[in-house]
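Each chain gets a letter, A, B, C, D, E and F, in the order it is written, and its residues are counted from 1.
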Amino acid sequence: MKLIIAIIQPDKLDAVRQALIDAEITRITVSRCTGHGRQEDIDLYRGQEVSPNLIPKARIEIAVNDGFEKVTVDTIIKAARHGDGKLGDGKIFVQDLVRCIRIRTGEEGGEAI
Amino acid sequence: MNSRFKMGSPLLALAAAALAPAIAFAQDAATAVAPAVDAAVAAAAPAPAAPPAIDTGTTAWMLTSICLVLLMVPGLALFYAGLVRTKNVLGTMMHSFIAMAIIGVMWVVVGYAMCFGDTIGGVIGWNPAYLGLSGIDAKDGGTFTMAGVTIPHFVYIMFQGKFAIITPALIAGAFAERVKFSSYCVFILLWSLLVYCPLCHIIWGAGFLSCKNIDLAGGTVIHIAAGIAGLVAALYLGARRGYPKQTMSPNNLTMTLLGAGLLWVGWFGFNSGSTIQSGLDTGRALAMTQIAAAAGALSWVVLEGIIHKKATSLGFVSGMLAGLVAITPAANAVTPFGALMLGLIPTVICYFAVQMKNKLGYDDSLDVFGIHGVAGIVGAIGLMFFLRTEPKNIASTCADTWGGQMVYQLEGVALSIAVSGVLTLVLLFVINKVMGFRLSAEAEQAGMDHALHGEHGYGLLNLN
Amino acid sequence: MNSRFKMGSPLLALAAAALAPAIAFAQDAATAVAPAVDAAVAAAAPAPAAPPAIDTGTTAWMLTSICLVLLMVPGLALFYAGLVRTKNVLGTMMHSFIAMAIIGVMWVVVGYAMCFGDTIGGVIGWNPAYLGLSGIDAKDGGTFTMAGVTIPHFVYIMFQGKFAIITPALIAGAFAERVKFSSYCVFILLWSLLVYCPLCHIIWGAGFLSCKNIDLAGGTVIHIAAGIAGLVAALYLGARRGYPKQTMSPNNLTMTLLGAGLLWVGWFGFNSGSTIQSGLDTGRALAMTQIAAAAGALSWVVLEGIIHKKATSLGFVSGMLAGLVAITPAANAVTPFGALMLGLIPTVICYFAVQMKNKLGYDDSLDVFGIHGVAGIVGAIGLMFFLRTEPKNIASTCADTWGGQMVYQLEGVALSIAVSGVLTLVLLFVINKVMGFRLSAEAEQAGMDHALHGEHGYGLLNLN
Amino acid sequence: MNSRFKMGSPLLALAAAALAPAIAFAQDAATAVAPAVDAAVAAAAPAPAAPPAIDTGTTAWMLTSICLVLLMVPGLALFYAGLVRTKNVLGTMMHSFIAMAIIGVMWVVVGYAMCFGDTIGGVIGWNPAYLGLSGIDAKDGGTFTMAGVTIPHFVYIMFQGKFAIITPALIAGAFAERVKFSSYCVFILLWSLLVYCPLCHIIWGAGFLSCKNIDLAGGTVIHIAAGIAGLVAALYLGARRGYPKQTMSPNNLTMTLLGAGLLWVGWFGFNSGSTIQSGLDTGRALAMTQIAAAAGALSWVVLEGIIHKKATSLGFVSGMLAGLVAITPAANAVTPFGALMLGLIPTVICYFAVQMKNKLGYDDSLDVFGIHGVAGIVGAIGLMFFLRTEPKNIASTCADTWGGQMVYQLEGVALSIAVSGVLTLVLLFVINKVMGFRLSAEAEQAGMDHALHGEHGYGLLNLN
Amino acid sequence: MKLIIAIIQPDKLDAVRQALIDAEITRITVSRCTGHGRQEDIDLYRGQEVSPNLIPKARIEIAVNDGFEKVTVDTIIKAARHGDGKLGDGKIFVQDLVRCIRIRTGEEGGEAI
Amino acid sequence: MKLIIAIIQPDKLDAVRQALIDAEITRITVSRCTGHGRQEDIDLYRGQEVSPNLIPKARIEIAVNDGFEKVTVDTIIKAARHGDGKLGDGKIFVQDLVRCIRIRTGEEGGEAI
């Protein structure tokens, strides 16, 4: 099993969610974070342009069975891109997942995902 | 010049003249012109040339009312902004705030002249002395008299101006979260000039429905007009992207509740101030406003309790709003029992109107039509069944019979629907063609705050 | 009919009659009945049949006071809601807001009649003409006169009604975060009918303590009654689950501070409006209110600074509140120095009362007793040591001596404690048996917002 | 004793005396002393010994104005607090709130005596009867008369006191997020005594510039003084650690907008209340305030739109504030066109002043100088070009010619800059030496809320 | 060492915290997130029932020595369940933890947990 | 590749950010969390000292190539310490990272970090 973490632009969250659902990946955990990559984000403050050090991002976590890793990653890449890809579009991290347990039933592993 | 209320009897005017000296002292002494002072000293002689003495008490209440009605603008901003998504919270507040600036300036430049100037064909007003408010001081020593009560003219102008500000701001709720700021600014300016000013002149100024409608504080002029404009705009501009599949949860209901609190308080100035007195009708208007608001809020909460076994805070404020809107035209005209009914009945109807919207599927995002439009119409007509006295004893109308008054009410409602409906559509069409009204898909996804204003509402959400 | 203040001397009444015509002009002209106008024209003849002329200035201030006191309800909602946990923020606001609806309706239906109707045995009022406010217009031409000043009766009714609204809402802080909404609604309705209305009638209406208590704006009628009710409820209902082991941090102190700001401002209407004038006592009441609030806030902050080397914002507003509560009965009765002391002393006592609660371990969650109850009692008795003049010169009492007045004050306090204490307990018991008062463990864990209202206060916390 | 406005002509005073009986009825009847009643009954006889009758209407408006100006303090707290970082939100609010307590107490103890007591050398006031407000009731029966209008003395005192509260609170924005709370408390107390009271006495009391300045509501006394103090403090105390490299984003702009809304409304009390009437000048002041605020907000938004193609909400409120500050001295003195210009011009200048600050690199964190200082100076001088009448017809000045008045205006501005600039520097230096003014690096990193107040503003950010 | 991530219902956070403390696992990190699983959550909006796409959840992270993995997981399962298990009760993910360092002392590994 | 998670005191976030930048590690993801370790945090509530069960913390996530693990960890330790180390200074967790993908370009592995 894999735990996939994607840091994306918040304005693409809906699109990514939808694309994942279309790919039949419906279980997902999302949280707010802020990040710094190459992107610059311009806000205005009393007529002055300011560029915050940390920019709001959405952080997605998805646990999948190994067979689903590729489709999940590909789906995210496609849905999270602005046009042909813009600075700040984000990152995907894939980690090994040792165990996965459904609290309700106590089921483990593949079927608990 | 103004017929929002019928003039007092000649006898009253005579009494006023006779007593003017006795109360001249209360007048704005520092700026009193010499004749007034002479008259006061001469004690009982009539002083026809002097401007009438200002009633400091009425002036105090009108000044307060101005503050209260202006407070409704931030109140509305909070109310609406709490209901949208986080990314649009500032943009939504700006829809209300910018009206204070744009209409605030427009009103002194031409708005007051167009609403309360001498009539041109019963349709629109005009008075060069009102342009830029340049001739106010010169006219009647800067005073304004209605039904025998005199206040500073500037006070009357500012009070009326606050209504002009809040009306277009109401509409914004119908197309929340999806329009360009620049187009919105142009829209409210033109809407004010083309829809609000004529309607205001026709019903409250010297227009062709003057002294005919019972519309104390704008059920017809304001809420129906704004509600219909909202409906047309929601239909014309289309739904938010993702609606209704994607749920769009309120970002901050505590803000909406605070806004509702400010609206309730501000509405006392709205309705009671509209009596342009500090007397019996003022007290009555305040009491009926309070009763209808309470009854409206309670009705919605009880209805939800029955249907869903839960009572929401948004339901509370929705019912409150429906009651307030419905009592707006009627606050000086109905009995306490009537006020209770005008809280209850329109609220129930609004409740189902909102459910209907969900069925029909158009996206009047914050229910401008469902609340303001519907409750406005129900109130304007419904008040006829709860009148506290014959129509002719009510300050704002000259009708002879109940039936005659009913016709006037229907005329008013029909006029407001027609004028606002047609002209709003034209405006939307033109602005859309010329500069585009809707946000681009990207900007809508990113949110108005960042895309249009270069800001984020809640910096606190991010570690900084 | 009303003895919140003793009547002016007959001389004054005579003066009023003699001068009525001279000020008739200031009256609500649009609705003036013919005789008044005639009288005005006849210039100096007495006009006994006409209702007295309305003082527009006093009316203006009373209207404003109504707005200010109503503003206290959202203020209280914010104050309380900021102190609870995130999951209960809306439910807590609803405790205040729903009082506007329930008591708002109750007041016009029977409340005013029960408080200010003719007395039945000195214990409760009744007047069929006041039921549903149906006979207000017919009585004295809709006017209300006290101590020679006339205002619209509806204004007086609405002003008093706002006090009825806020009193039960205060209690909610004692059992915050753990009661059922439906039970709470029933509770405040019955509490108003069984506790507030009698107390109000006994002390402010024509009840058996009328013209005896110095209680300008409700130290005894409102704050002690609510404080004791809170204490009883906190003890009877028990602590929140997890208290005190689990810390329950305020979810939004900025909201509490804003609420406190609105309360401070609103309190000016509360206290100064209670003089039912726009004159010397009004100004005095406002000044003393300001002084006590400032002194109270400062005292708590200094005390915390000494003890903890930190001054909290919650401390600031707690001290402010203690000062405001303590000055409430006394605002027209004490010297400026007295106001300073009534800010300082009760605050210090409240500070230690709150620490005591922590020791005793009961869960008066937002310190309704610790602040309102304690400061109310200290204020009602403490004011006797700072009177600006002999009791008999103070508007609301007829006592002859200092000692006599002291007895009256103690009687008032004892009465309020006894009536509120006993009847609150009975009410809690009955409601608890019939429908249950506490939330289930699950609902309490899930939070009132979701469990009772189907909403979330801060949607912004979640990405949407 | 007071020369904020020149006295009315003797004729007026005579009229007042002659008419006093006729309006005695309107007076605070419950506390009316016997002679007044007798006089009223005697109907037309002069009653020289009795204190003049209180005008209930003017009193009502002044009471309302007090509420409105006090509301500006929470308004300012919200405005400032929304702009700082999350960790300083409470500390920033406390900077405003604590002024209500400290200056609130100081004002009644010595402040009023120092501002409006008899002059000592034209520089400072003194009156033992004003200390602790102990002699107010005894003087003129507790009344205060200006330009022929009488109100309760306590009302006048409280109104002036609110200005004393808000002025030092304004300064806090200049050194936001980096000072010790205790030092700040000492600072505002001493600043009020050493800077505000003398300036207030010199220009508004019986000081050496009395009846010379056109400064209706404190452009010079308040905004320039606070703006300069802010500039000096920002320079002396140095920038926040990390400034300007690290961006310091507003934690909650919705809060700032709400604060701005309250400020706009409150400003009506600020400016219109300063006319100490409820008459022509009051209405005028309100109208000009509204116009300048609207024009200011619009100007900034348009400017940003042109330069950045985006219009920010912070820009809106900054322009609004600039307009409000600029019209403050001028609200009863200029034409409507002038008000429009005093909204437009200072806003544009402020816009560039703020950009300049960014270039110069000092950290006037919330632009106290850039907005209050700059707009205050531009307004105080700029008003001369838009006067609605000759200076001598304006209530607060006695100048004979336009040129003479211009000299007075420049004198006032220079005085305010000099007094505030020098004494603020001295104060900062002394306090810094004695107790330290800046936070330690650790405390500044941790944030004022936790380090100084032991609290967190938004508990909601953490799961509890 | 293992890093255990549990996504639970927020209303069970207190219970889980307490159960863990009783099992002598006191160090914990918690954050807000929103998630989508099988659970539906009904809110009301002006008389209409709405079901948000993403539901508020609490996310718990606990680093434990391998020997503590079982007790931690079991404790969470027991404490986080509503009754006999309800939709939305949550998931537990277990990952390998390579290193764990206490910043204060620089300690590493087992004793730094 | 490694995924480094650091839980630090929020008041040290700026210092850590700066130190990392100085060490040429600029890409970073930050989020709010609350935690419980050994530290006690005293707040005041109406004159009473209260100690919240969970204390606000900043959570930093950094994906690095293996060669950068040491410098990253060392930098964080140095910058996040209060003086010579205080209770509550925090923890660092290091995990293996299987894949890392840049959404904009689709690049993988070392160069996508």
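Here, a residue touches a chain if its C-beta (ideal position, glycine included) is under 8 Å from a C-beta of that chain, and two chains touch if they have at least 3 such contacts.
Since the structure is predicted, the reported quantities are computational estimates derived from the model, not experimental observations.
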item: Co-neighbours of subunit C and subunit A - touch as defined; value: B, D, E, F
item: Distance from the mean Cα position of subunit D to that of subunit B, given in whole angstrom; value: 31
item: Distance from the mean Cα position of subunit E to that of subunit B, given in whole angstrom; value: 51
item: Of all residues in subunit F, the ones touching two or more other chains; value: 10, 30-32, 34, 43-44, 52-54, 95-96
item: Touching two or more other chains - residues of subunit D; value: 22-23, 55-58, 60-61, 64, 89, 246-247, 249-250, 252, 258, 278, 308, 310, 312, 314, 453-458, 461-464
item: Chain contact topology (line, ring, star, complete or other); value: complete
item: Parts of subunit A lying in touch with subunit B, wherever the complex brings them together; value: 10-12, 14-15, 32, 34, 42-44, 52-54, 56, 82
item: Complex contact set, residues of subunit C against subunit D; value: 5, 8-9, 11-12, 14-16, 18-19, 22-23, 55-58, 60-61, 64, 68, 85-86, 89, 147-149, 247-254, 257-258, 260-262, 264-265, 268-269, 272, 275, 277-284, 286-287, 290-291, 293-295, 297-298, 301, 305, 308, 310-314, 316-317, 320, 335-337, 340, 388, 393, 395, 457-458, 461
item: Of all residues in subunit A, those that touch subunit D in their complex; value: 43-53
item: Residue ranges of subunit B touching subunit E (in the complex, touch as defined); value: 246-247, 249-250, 303-304, 307-308, 310, 312, 314-315, 318, 351, 354-355, 358, 367
item: Interface residues, subunit D side, partner subunit E - complex; value: 463
